[in-house]
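Each structure below appears as structure tokens.
The following pair of complexes shares a single chain, subunit A, combined with subunit B in the former and subunit C in the latter.
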Partner chain A sequence: MLSMELRGVTKQYKQKKAVDDFSLKLEEGVYGLLGANGAGKTTLLRMLCNILKPTSGIVLCNGMEIDEMDGEYRRILGYLPQQFGYYPNMTAERYLRYLAELKAVPPGLIDSKIEELLELVELSEMRKKKIKTFSGGMIRRLGIAQAMLNDPEILILDEPTAGLDPKERIRFRNLISGFSKNRIVLLSTHIVSDVEYIADRILLMKQGKLIGQGNLEEIVEQVEGHVWTCMVDAQTAEEYNRKYAVSNLKNQGEKVELRIVASQKPVEDAVSVEPGLEDVYLYYFEQETEE
Partner chain B sequence: MRALIREEFYKIINRRIVRVCFGVLLLCIVLLFIVAGPGNERSRIETGTETRSDLETIRQETLSGLAAIERDRELAKGFEGELTDEKLKRMAEAGGMLEYYHNEESISNIPVNGNYLNIFLAENRLTNGEYQNLSDYATATEVLPLQQTAMGSLTEKPIYFAYIQGWRVLITIMSMVGILVSLLSIIALSPVFAEEYAIHTAPILLTTEHGKRKGIAAKMVAGILFSLGALGISLCITVVLCICCYGVQGLNCFAGMLDNTWSLTEGWYGSTSYYTIGEFLLLFVAVMAIGMVMLVAFTLFASAVARQVYEALMLGIVFFALPGVIWFYLVMGNAEPHTQEILYRILYCTPLYSCMNGAIHSAVSTPMLLLRAIIFLLVVLPSIWLAQTKYKNHQVA
Partner chain C sequence: MKRKKTELWSLYGAGRDRRFWKLAMKNITVDSLKKQQALRMISQTAGEKRIISRPSLVHKIGVQIRYLEKGYFVFPVLLMSGALGIVNGMKQTGVREVELFTVLSAVIALLGIFGTISISRLFSNHMGELEASCFCSIGELVAIRMTLSAFINGVLLLACSIVMRGWIQMEFLRILLYILTPFLVSNCLYYAILLRMRDKNIILSFGATGILSGAVWSFFLRNSLVYARGAMAVWIGMAVCSGMILIGEIHWLLKGAEKGEMICYQWN
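What follows is the complex of A and B.
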């Protein structure tokens, strides 16, 4: 059974630890890595792809260090970086063909694979167009297609849905769900709903550390009793919004319904409600500074 | 691997700046040929004398451009073959002796009746006249016995005569072509690795199965193929232009006739004077190609260590042009004779001087060829090794 393991992985830049003593075992399934900007998600994924060396610790694939596996590891790896690089003057088809050659896709399969993936990401009609003419969403979809060219057993996607519209995101989720059987898919995002729908397991990362993991129910359970709702007037709502982590604010006539994430009951008439993943995100990352 | 090389080659030539520069290069070749070739040709011949106002003057006919080439070819055609004393005399009769007008103001001698035959006799010092002696030039009256001349006495092989003006033009343009192709190579290959960092494609390429091995080798092979291909195409065009205008004869003449220097230098430098022109051209192309590979290797190294394309471009240009700066330093007499000697030897082995026909003319001794091989290996092997190591271990931070 396919597995990956991080043992005490740390990445330090001068005074700052981007990833701090991170240990984790991944087996087949879809993993959603959730964290605020600057939490160290991208650094962690780069180390998993062996394009960034950890300051300390090791990354293992099926019990072997990925650095030693070299080409063998890259053969089963698909990666979509956060900042997806492309050649503006190349056509989508040529770009995929080039990467298929680099990914050692058998020559006889290259055409059909490109055809299949362009179809999947709805870029078939754009195959002969230069990438520089593509919209942000189309470029992202091309990035997803290139990551899947070699049918990777380990698929690492850094912010795969950034720039996609709701329809494209739904299509992406379905694509990943269909693809993930017998594979490890790890995707990082701060779009909570993506993780909620796709991920079998959720990893919470904060300031370079793994602060929690589990399936959706287990994660949500962690903030049970910390989510509240209350009805207040507009002025008080504004005040609470500044004071507490408010996950939702809905006008109900003259009153405003607030959904507050707090360890303790924020106001006397607040009622405890069932938490969702967005509440979990707010609970853990509300204090995190945005990049 | 072949498919990867093809894709990398496509990436190089797909850049607009590369295509524009290549177009400019081809245009330069045509312009250079026109200026240094037909545009520079003059053929003057006496057609008799005439008397005007009691003054007897020589009547002359001057042709220029293609007409001059045509007449000089015709003049030379009658004497093509092995040179003999008798043939030299007949050449002097047919072409006349070269005469100069001495210009006091510019202290220079200007040929007044130059054609291919008498210029050949004068420049190769086959007559008793002084050639280009600025102050006391004396017009020749007779040709010398061949064995008394440097050309005749320095070789035991028969001396073949033919019209070789086209090959002279060719090697002049070849030097310029070599320099222009070198600059094109620096421009085209600086982005090979540096651009992958700059446009963030490196993280994707380096996570592919072949990205850290065959992918790097393909980039390097494509770079070398591009430069050698550009050099080959440019040289072929130049050769075709020269052959079309000047003809193909004279490849078996001594290369010493190209620049009229006759020496059998021994020791360090050697001389190509007694190679045939055909052999010299092959040697020149080979040395140029070796210089080009050195330049490609260094440019790829610069591309791998630079973060931005312009940094790689600057490094490449400095590497290529630095020998020119050192030469200037030596010309200014700033170095001890011994140091100067060593530096000159090294300069002759650099990519810049590998394009200079003068440097190759006098740098073909066994020690110089060995030195060239050593410098080639000292530049190419570390450059390639460092380039692939640097790129392979690129940290995406």
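What follows is the complex of A and C.
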């Protein structure tokens, strides 16, 4: 069974510890990495991709250090960086062909693989067009296609759905769900609903550390009793919005219904409600989001 | 039975494979059910196995040649041909040898730009991070592009030296030295830029440095004393020093690319 393990991984760049003594074991399945901006998610993913070397600690794949596996590790890896790179003057097809060569995809499989993936991300008609003419969503879809070129056993996606419209996001979720069998898929995103729908396990990262992990129920359970709703007038709603972490605000005629995430009951007539993953995000990362 | 066995092994020993197997198969009863099961298992295992390709170094170089924009090969040739054309024209008008070298040095200072741009392109448009996640390591890609650029420039510089040798009365090695030194010094500058600059400003900086260093060379080299035999030691010193600095810069670049911090924080 495929497995990845991080043992006490730390990455320090200049004075800042982007990732701090991070330990984690990943087995086959889809993992959603949640954290505010600057939590160290991208640095962690880069280390998992063997692009950045940890300052201390080790990353293992099936018990072997990925640094020692070198190219053999990257052979089974697919990666979509947050800032997806491309040569603007290349056509989509030529670009995929170039990356297929770099990924050492067997020459006999390159054509069929490109065909299959362009079809999958609905870019077949654009194959001969230069990438610089593509929209943001199309570029992102091309990024997803390149990550899957070598049929990776480990797929790491940094903000994969950024720039995709709702229809494309749903398509992406289905694509990942179908692809994830017998593989490790790790995606980092700000879009909580993506994680909610496709991740088997959720990882919460804050200030370079893993602060929680579990399936959706286990994670949501952690904030049970900390989510409240109340009806207030518009002026009070504004005041509470500044004072508390408000996960939803809905106008109901003259009144406003607020959904507040707080450890203590915020107002006397507030009612405790079932939490969702967005509430969890707000509970853990509200302060950092404001920063 | 014993005779049969002996006959069988004598055939095997003699290397007559077909007859050996024919005889051997006669003595084996095949369980068709087990055979089907075994074939199914083999087919399943083969299906699960990842087909692996191990590209050779020649293949990797071929890939880089195929996907590099043709301008990186064409422009240096055009530049050098143009320079030699100008030098030839000047020679016809009876210009001094020193003046010829001045023009050549200014152009040669620009020659290294194409190679360094082709390397910097590996990291442009956020490609470095993506390329670093592929089977072929980013260090390997940088090294291949460096080798290609060194090959093109080496051939051009050598050709230029041979042509110049035919035009002027000077030892070949001395001509080579006068041509090689501006190339090495300007390359030191380009690599220094490559090591320090961020992606978006890099092409502009290369261009500005190339033009500036070309101008500086053509200004200083107008003095005929520079090409006097007595100044040879200075030329050799400059060539050796810039060559050593260049090696140091290349080492730093390869190390930085492999470590990842340059790709992720500086060039991204």
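Going forward, the second predicted complex is superposed on the first by the 288 of 291 C-alpha atoms of A that agree within 3 Å, B and C clash if a C-alpha of one lies under 4 Å from a C-alpha of the other, contacts with A are read in each partner's own complex, and residues count from 1 in each chain.
The criterion applied here is as follows: a residue touches a chain if its C-beta (ideal position, glycine included) is under 8 Å from a C-beta of that chain, and two chains touch if they have at least 3 such contacts.
As the structure is a prediction and not an experimental result, all values here were calculated from the model.
With the C-alpha superposition on subunit A as described, subunit C and subunit B clash in the combined arrangement.
By the touch criterion stated above, A:49 is placed in contact with subunit B and with subunit C alike. Contact with neither subunit B nor subunit C is seen for A:273 once the two complexes are overlaid on the shared chain.
Within the superposed three-chain model, A:71 lies in touch with subunit B and with subunit C [touch as defined at top].
When the two complexes are overlaid on their common chain A, residue A:106 makes contact with subunit C while staying clear of subunit B.
Comparing which residues of subunit A touch subunit B with which touch subunit C, the overlap comprises 13, 46, 49-53, 70-71, 74-75, 77, 79, 81, 83-87, 89, 94, 98-99, 101-104, 107, 146, 150.
If you check the complex, the residues on subunit C that touch subunit A are 50-55, 63, 67, 69, 121, 124-137, 141, 259-261, 263-265, 268. Residues 3-4, 7, 10-11, 14-16, 196, 199-213, 215, 394-397 of subunit B are the ones touching subunit A in the complex. If you check the complex, the residues on subunit A that touch subunit B are 13, 46, 49-53, 70-71, 74-75, 77, 79, 81, 83-87, 89-90, 94, 97-99, 101-104, 107, 146, 150.
For subunit A in complex with subunit C, the residues that touch the partner chain are 13, 43, 46, 49-53, 70-71, 74-77, 79, 81, 83-89, 94, 98-99, 101-107, 109, 146, 150-151.
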